[in-house]
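Chains here go by letter, A, B, C and D, matching the order in which they are written, and residues are numbered from 1 within each.
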Amino acid sequence: MPSAAPPTARLALRNDPSEMARLAAWLDTIERDWALPPGPAHALRLCLDEAVVNVLTHGFRPGQPQAVEITLLRQPVLTAIVVDDGAPFDPTACALPPRPHTLEEAPAGGMGLRLLRHYATRLTHSRPDGRNRLEMEFMPDGEAPG
Amino acid sequence: MPSAAPPTARLALRNDPSEMARLAAWLDTIERDWALPPGPAHALRLCLDEAVVNVLTHGFRPGQPQAVEITLLRQPVLTAIVVDDGAPFDPTACALPPRPHTLEEAPAGGMGLRLLRHYATRLTHSRPDGRNRLEMEFMPDGEAPG
Amino acid sequence: MQMDVEALDGERARVVLAGRMDVAGTAAVDAALTELSETRQALLIDLARVDFISSIGLRTLLLAAKRLGRRGGRVVLLHPAKDVEKVLWVSGIAELMPIHHDADAALAAVLA
Amino acid sequence: MQMDVEALDGERARVVLAGRMDVAGTAAVDAALTELSETRQALLIDLARVDFISSIGLRTLLLAAKRLGRRGGRVVLLHPAKDVEKVLWVSGIAELMPIHHDADAALAAVLA
């Protein structure tokens, strides 16, 4: 084994906007301990920021005791699994808004899902046990097919 | 009716690389006759170039009398439907290769599907009558939800 | 996140941001950037030391540009790092405001 | 597509492309660009008059840059239009070779 770093990490966040700072700090630790390469590390941070803020903002009802649980797997490919008990929502299925071409027309949102779909090398949604389960893969550079 | 332009256009291409020039010329006519706005016109041209060259290159067998049929609808939203009798292939389903971070690692391909998924505001694949049917939508700017 | 503001003249300012424009970080600069976009005519936003941006940060930049745009003003972005610039393009933001990598060109654009 | 080549010195050239780098158009310049990438040390590719690019055109640029890169050379891109630059970023190509909007800066990068 080249490394003694644990192959799995887990973080549970409460239904509270301040939890986003805990997510960022946790990712700092993981990035360092797992010695993640810059490409996948950047994509992981971006997709978790997008996916988790969406659950807190759109999926949860204010004040309810709901939770998001994040699991990271390092092998065989860096993977984040986000499980939440918020509103049923499949971010892989809905149509993306068009890209605006002028400032006036530009809506002040709708960019998160576009980024999620672009930066995750694989994105799958399911609903085991009545929860959302979003699995995102971040392949290391150069190991791609094609 | 504000315009007398036909709401539908159709083009059939043979299994021959030279047909790509015919596609480009046909799109010139459509763009002008339908007075397409720049954003959707660009996305339409890009996605058709990607989708059709993929069918010719990867979906068809050399020398076989196969065909791609393209239908464009102007309303309610600019839509391109590409039907082909090549190998079964769903470009919405497969995982995208990761973004390479150095020139050495970069594969000389695999960019087409990423562009297709980014620029079509909706992309659906089905297999009626044993053919591939790819439906791509290009929403006009500012008419988006969100 | 950190934010430094330097007046270019009475109506225009250079804003130097540093840190991560993620959900946690953007909250720290959002109000100040909003205020600048309501009181100035043009903002040169230096992104060189922003090492990450997600949609919350894009939203803050976009809203500032929209507010200024309605009053005939503008936002000009200066040398984003590669990862940050890529996010600007993939999200569509890069099509809505100028991005410069040369400080003189950016200054000319904001003073124009 | 049209292609003009101008020597910058014995080893470096400026290539001005014009037209659409789609499947039909790229075929017209692919062989000439390939040859330049095998015989020169650095190429400044001016994209100002390229009004469209799809993955076939990206592939030609990428292969030229890969070939030059293996010999320690480089490709530098000069002022792509907005639509074209966006495709460079979304595809990932923009992360692999420098894009300049200023002719002097591009020239300095190719002569460096």
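In this section, a residue touches a chain if its C-beta (ideal position, glycine included) is under 8 Å from a C-beta of that chain, and two chains touch if they have at least 3 such contacts.
What you see is a predicted model; the values in this text were computed from it and never measured.
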Shortest chain-hopping distance from chain B out to chain D: 1
Chain at maximum distance from chain A, centres defined as averaged CA atoms: D
Inter-centroid spacing, chain D versus chain A (mean Cα positions, whole Å): 35
Distance between chain centroids, defined by C-alpha means - chain C, chain D (Å): 30
Geometric centre distance via CA averages, chain C-chain A, whole Å: 25
Residues of chain B touching at least two other chains: 38, 99-102, 106, 109, 114, 118
Junction residues of chain C, two or more chains touched: 90, 95
Touch-based graph of the chains, sorted into line, ring, star, complete or other: ring
Contacting chain pairs - touch in the sense defined above: A-B, A-C, B-D, C-D
Footprint of chain A on chain B - complex, ascending: 38-40, 95-102, 105-107, 109-110, 114, 117-118, 121-122, 137-146
Contact set on chain D toward chain B in their complex: 20, 22-25, 52, 54-56, 58-59, 62-63, 65-66, 69-70, 83, 87, 90-93, 95-97
Of chain C, residues touching chain D in the complex: 82, 85-86, 89-90, 94-95, 100-102, 105
Sites on chain B touched by chain D in the complex: 17, 20-21, 23-24, 38, 42, 45-46, 49-50, 53, 99-104, 106, 108-109, 111-112, 114-115, 118-119
